[in-house]
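Here is the structure we will look at, set down as structure tokens.
Read from first to last, the chains carry the letters A, B, C and D; within each, the first residue is number 1.
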């Protein structure tokens, strides 16, 4: 999918240590771009309080298809959308782009289950968070 | 799947910085356990030369289901098996276990495409590597 | 200093992504070996409760001299000793060795200040922790 | 030192996994901000070719004083200057700032030795690189 398919796009510069021995950003690091764009949005738009909030999002499943290499010092743009919003879980779609490029270099998805911070049992997505997630559908 | 389903099992101690703000190993880090067990085995058993070998394995796709938390300083055991061995690609199955536990805390898969180091075009899996991968089928 | 200079030694296998584009473990990652050996010891011997304990150790200063490369899949042995134990702080000395090698590949130090978890103000090192740290002097 | 003491300043957004269990950016990650600002500058201004260039910079020593916490999703600004430029080595000074803040949250230094890529023996800093480094003195 193209960048316009993602309602929220965040710029994430690569770091020196993102590159692995083959000279490109390691596959693992793509997932750190995923949870960075997701959590930035949850904090800024959905009111997630990572230190003291009563409900937090835990990753239940994730997936990535790697379409083209990224390499330091390129700048990544991570696009985020919501593919499915359930009672206590959400599935995001993420597309990674190189700054200035139109074709995605990776596409993935990521499932958050919202849980009570103390019990770690699933809870319904709170109202403010649900409103914010709905804007990405 | 249980540990016995994986022909190769490697011990990977957690590190302090694996834990994230919620007190458990971050989802991203699970994938670093995946490519550590895979590449250790390719180097030790399949003759992969990461510095100068003519063919290298690039990640084309990966996936993980997170079943239970891991936390520092627990010790992880990563089980590896080959689910599908093609002409120039291989799909691994990986199970993560806590040392002493029998149930997987995560299950995932990972696809390597073997390419020529210089051209990055797909090449048939070399004989020594194929023999090593076959042992994990 | 040689390995025998360190009363506590912990084995830390390298990971695939520890290597950087130059083919060796990235300088940053050496520090993750430092805080892994330190915190493992604090948890196992000093009673540090990273989730709920009243006092935690924060890094105030660290330093490393890089003497020789490390590369995946080598296995690191991290030696730990206490160089100075103050009222609310401790300075550790750390030496990194390749498994089977006698000469340190890196030497560093690291200062922890113990603080109250809530106020983040310095507090005297607790009795159990002090006893454990004293054994590394 | 204040931001104005650093001739080059680069913006580095924090990532979700930078935070550790105590809720702030892990000490190790500060060093990844150091080598990111250094290498970005070497590549963009000094002509460093990390894939094929004849000379590369290896870290010989590094140091950091941690003055205040950083936490995701804050945005870091990393200031860089050259403190000493020798025949084949350079010592950088780095200051980290939170976007919008005037006081450094960390101050450190980092020594690069320039070596021949193949032999890993020290070589004189090349002319283009020296000119670029001189602009940061």
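Structure notes:
Convention: a contact is a pair of C-beta atoms (placed from the backbone, for glycine too) under 8 Å apart; a residue touches a chain by one contact, two chains touch by 3 or more.
Keep in mind that this is a model prediction, so the values were computed, not measured.
Just to note, of B-D and A-D, the chains joined by more C-beta pairs in contact are A-D. A centroid comparison over C-alpha atoms places A as the chain most distant from chain C. If you average the CA atoms of chain B and of chain D, the two centres end up 32 Å from each other. Averaging C-alpha coordinates per chain places the centre of chain A 23 Å away from that of chain B. With centres taken as mean Cα positions, chain D sits 27 Å from chain A. Touching of two or more other chains is recorded for residues 16-17, 19, 21, 23, 26, 28-29, 32, 35, 50-51, 72 of chain B. Taken as a graph of touching chains, this assembly is complete, with every chain in contact with every other.
The touching residues of chain C, counted against chain A in their complex, run 16-17, 19-21, 23, 26, 28-29, 72.
Put simply, chain A touches chain D in their complex at residues 11-13, 15-17, 19, 23, 32-33, 35-36, 38-40, 43-44, 50-51, 72-73. Touching chain B in their complex are the following residues of chain A: 21-22, 26-29, 31-32, 34-35, 50-51, 56, 58-66.
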